[in-house]
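Note that chain A is present in both complexes that follow, paired respectively with chain B and with chain C.
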Partner chain A sequence: MGFRKRGMSHFLKRLKAEPVEVILFLCASSSIIFLFLMLLFIAKEGAQAFLTFGINFIIGSVWETNLDLYGAFPLIYGSLMVVAGAVVIAVPLGVVTAIFIAEVLPFSFRDLIKSLIELLASVPSIIYGFVGLLFIAPQVARLFGISSGTVALTASIVLAIMSIPTIVGVSGEVIAAVPRDFKDAALALGATKWQTIKSVVIPTAKSGILASIMLGFGRAIGETVAVLMVAGNVALIPTPPWNYLSPVYPLTATIAMQMGEAAVGSLEYSALFGLGMILFIVTFIVNTLADAIVKRESKFRSGVK
Partner chain B sequence: MVKVDIRQLNVWLKGNHVLKDITLTTKENAVTAIMGPSGCGKTTLLRAINRMNEIIAGCRTTGELYINGRNIYDGETNVYELRRSVGMVFQKPNPLPKSIFENVAFGVKIHKMANGESLASIVERSLKEVALWEEVKERLNDSAFSLSGGQQQRLCIARALAVNPEIILLDEPCSALDPIATAKIEALMRKLAEKYTVIIVTHNVQQAARVSDYVAFLYLGELVEYGPTKHVFENPQSKLTERYLTGEFG
Partner chain C sequence: MSKVREKVLFAFLGIPTAICLGVFFWLASVLLSGFGTIKWNLLTASVLNGGYLEMIVGSAYLLLGAAGIASPVGVLAAIYLVEYAPRGRLTRVIDQAINNLAGVPSIVIGLFGYTFFCRQLGLGISLAAGWFTLSLMMIPIVIRGTEEAVRMVPNAFKEAALALGASKWRTVRSITAPSAAPGIITSILLGIARVAGETAAILFTSCVLVTRGLPKSPFEPVMALAFNLFVKIVALGESPDKVFGIAFILFLMVISLAAAATAFRIYYRRRQPWLK
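This part shows the complex of A and B:
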């Protein structure tokens, strides 16, 4: 705020007068500088792919290293498919868990359960990959009678488990922040606990819950290791497109798998950076949306319409 | 007519003996004020009448509390139906984060009492009862938070009236309001007593004198004195009540 009012020149003058502030300023701006450098670097390396294939880099449906043909659509589709599946599984589980912890669980258990769920978030993703590969994939294969369990569904399940802590954590916070007054108002009118949750708690926390879903989505779409271990990694759109029992090749898995083999400066190398660019933009959009929703929520709470 | 009949009511909150052997009866279509210094248990007594103490963990109640001759602590009372017929208004106006219309309609919808046209007429009737209709009829779909504090409190009263209660409990309903809004609420309480049984908690002696027909004085969880307001104010039986009324403590 201060800067905008008094102008940049004033700000720079202050920097000169206070050396400590210079150091603080540099530290504070470093993360923004890193962000822009990263964006710049990825754009530079990926430019060749975009120039060569144009829009076909995004909508082309053939990703074939041997032919040096790079159309990322099956990979984008694979990512979105796996993440959509994860969201469908994780959102109900996560939101219900958060409501249960905040509204139903006796107070003394809350912290224990919360920290257990947070522990789930700190498990390295490679461990999830192991569990997915050695336990979930065989179960999926057996259950649906397919030869290999490394398919989109398995990846969705693993990603769902990984994003649940994010969803529970963030939506738990907003649910716990629903004012006591609101709940008292409903209960005093003769609403049951469930009616109060349904018609007061959830609508009040709605934006926050939505933001938690977005953050969970962001967590899921960026996940690499666990996904590449269980997704099957075939760069084709499943037939039919909603077939969750086919292997897919998500963006992140593609980059991780092929980066080691791609010659620096080759078209393949550039195409992988192009994928990075797409991923970057998607997560950026999702995070910005989540942020905007949270902001709208806090505005609404202060009574501004 | 006796409306609420409280006999040997004891309440413990988290191990504290908050109400001790309270016995009193309130009359129908009258305003009964419960007054006393902070921490004397007056809010707990009020919340015993619609069993709202129960939502606090670690609450224990013994004794009997009859409404229309039925003991609401007999274990068979439907607490949701009880709270519909015993409306409550809180210290701080607490409209729900919904529109003005939806706030008044909330309880009606919860109890599936009406919808569509008849719901709209209940909302109108309730807002008229609290003299808010003229002020808000053009903007029923605005957020309830767009109203002033006094309007919000009247909205909360309308919300309680919409579900056809018999008793209205008000817990220091004016403590967050300015004098003009307070005067409006006080006038409203007098008017409500024509149709409902009104029980109000207040720490404001003058307010009790202005609005109530009967007054109970509570001190440290015990009922010190109870009777028609005029009698209690002009001729208090207990030295403690006299000292409280003259403002020696409180």
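This part shows the complex of A and C:
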């Protein structure tokens, strides 16, 4: 941008010339302000739970409203279990799809298929939950001979379907950003298309693909409504712990289910905000890391050019 | 590796893509199968008579209000970031904060909305609280879309205006914003589509199961399609096929919004030759 003045030293001078910049700046800062307010208010409401239970709020294994005992470990475990299952299903499907769309598919199809997958991303989570409850859960129950299909596995499947568009979208962008010169160089050396993909495209886009997986993970762990509808919602660690055919109670589902009945100011109310705090911090860290990876990549690449 | 073997390999790579598309068409066909069973006159009938009117209008109120807040804030923020922001630490922090806001789980946004807008600001369970809460989810989408659109306006356009003596803000108003308008509108439409089916964020902030008529002021609670679907299945335990109508209307609404955004973008890409 030719007319962009650099540095804060010019700030006051420009402000005099164009007071409208203050309004623009305030709008741009709204994200910081609201993130800060979010942290503040959720921490304030959740403080009582952390003060009452200490570290046991996170590692305690009993979540029982009737006893007023809140140890979130089974819920955290439930969230991680469902998300891990979803990652195992969604990552191979998503990444291969992204490679296929960017490198193999003829150009004329690319926009159409990409638009369809974008459309898939905008389907609301309650619709996924609805379809999961109506069609996927009964199939899971029939296939494995269990009485109820609302178990961790079903939640993982639904969540995987929902995460694929994110993974395809972001890793697609990263793959498309691999410089043409790299590929041309490989092809000119006599590599076949597959060899080029395997030894040039994938290694170059590797960390970007990792970032897309992390973004998908961040999205998935915060997903509420769809997961809640098919996870079964029992606040116990499954026995054995890897049993995907038992119901679980993810963090998000607990908040959504219990907020309605928790009296404002009660210990339960505070515990639910405590869960919100855990979610906020985890997604904040995951997203920041993913962004850092993407930024480092693009810096590296502009250095190459 | 021979050409034939490579073709076979590529065909195998296509399987996951086919699965993804298959899932989409399956989902669409499942929901569109409700097309025949919908009684269309119920769309305009009151909920008290078994219709959907208050839910549909309530959802529309929520979306329009949230868009009314998020669009100006998001567009102005994007213009600041592209045209005004100095390159420095503060700008980088703002940029990062937008990504982080986009990544906050909707249920956490809902919790915040309840304690901040409903209780701290005293809005109560109301339409207005829902507007603010949903706009928090829309703002990052609008900012990112608008930034892209503003960046695509050729520098030559802006330089011409500046050379004619226009101030920077004047250039933004008369040259940059109008040229980027189609992209801006697309991003707003996408933002609306993204929150149209949002349930977790309005769960505690603005909705009730039944209202008598439509809300008369922004400080009254509303009905919404997604909220009703959720409560009827999860809390009241109604069998899924009984609420199929609501799911179908919601799906249709969201998909048409998203499709409209995409179609709008493709149409204007062709009309504005500088966008390739």
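What we mean here is this: the second predicted complex is superposed on the first by the 284 of 305 C-alpha atoms of A that agree within 3 Å, B and C clash if a C-alpha of one lies under 4 Å from a C-alpha of the other, contacts with A are read in each partner's own complex, and residues count from 1 in each chain.
Note that in this section a residue touches a chain if its C-beta (ideal position, glycine included) is under 8 Å from a C-beta of that chain, and two chains touch if they have at least 3 such contacts.
This structure is a prediction, so every number in the text was calculated from the model and none was measured.
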{"item": "Broader residue contact with chain A after superposition on the shared chain, chain B or chain C", "value": "C"}
{"item": "Contacts of A:67 with chain B and chain C, given as first, second, both or neither", "value": "neither"}
{"item": "Which superposed partner A:276 touches (first chain B, second chain C, both, neither)", "value": "second"}
{"item": "Chain B versus chain C as contact partner of A:255, first or second or both or neither", "value": "second"}
{"item": "Chain B versus chain C as contact partner of A:263, first or second or both or neither", "value": "neither"}
{"item": "First, second, both or neither for A:55, with chain B first and chain C second", "value": "neither"}
{"item": "Touched partner set for A:123, first chain B, second chain C, both or neither", "value": "second"}
{"item": "Partner chain in contact with A:192 - chain B first, chain C second, else both or neither", "value": "both"}
{"item": "A:24 touches, of chain B and chain C: first, second, both or neither?", "value": "second"}
{"item": "Touching both chain B and chain C, residues of chain A", "value": "192, 195"}
{"item": "Touching residues on chain B, where the partner in the complex is chain A", "value": "50, 52, 55, 57, 79-84, 87-88, 90, 92, 94-98, 106-107, 109-111, 142-143, 145-146, 156, 159-160, 163"}
{"item": "For the chain A and chain B complex, residues of the former touching the latter", "value": "106-107, 179, 181-182, 184-192, 195, 199-200, 203-204, 300-301, 303, 305"}
{"item": "Residues on chain C engaged by chain A in the complex (per definition of touch)", "value": "1, 3, 6, 9-10, 13-14, 16-17, 19-21, 23-24, 27, 30-31, 72-74, 76-77, 79-88, 90, 93-94, 96-109, 111-112, 114-116, 119-120, 136, 139-140, 143, 155, 158-159, 162, 167-169, 190, 193-194, 196-200, 203-204, 226, 229-230, 233-235, 240-241, 243, 247, 250-251, 254-255, 257-259, 262, 266"}
{"item": "Footprint of chain C on chain A - complex, ascending", "value": "1-8, 10-11, 14, 17-18, 20-21, 23-25, 27-32, 34-35, 37-38, 41-42, 44-45, 92-94, 96-97, 99-101, 104-105, 111, 113, 115-120, 122-127, 130-131, 133-135, 161, 164, 168, 192-195, 215, 218-219, 221-225, 228-229, 252, 255-257, 259-260, 264, 272-273, 276, 279-280, 283-284, 286-288, 291"}
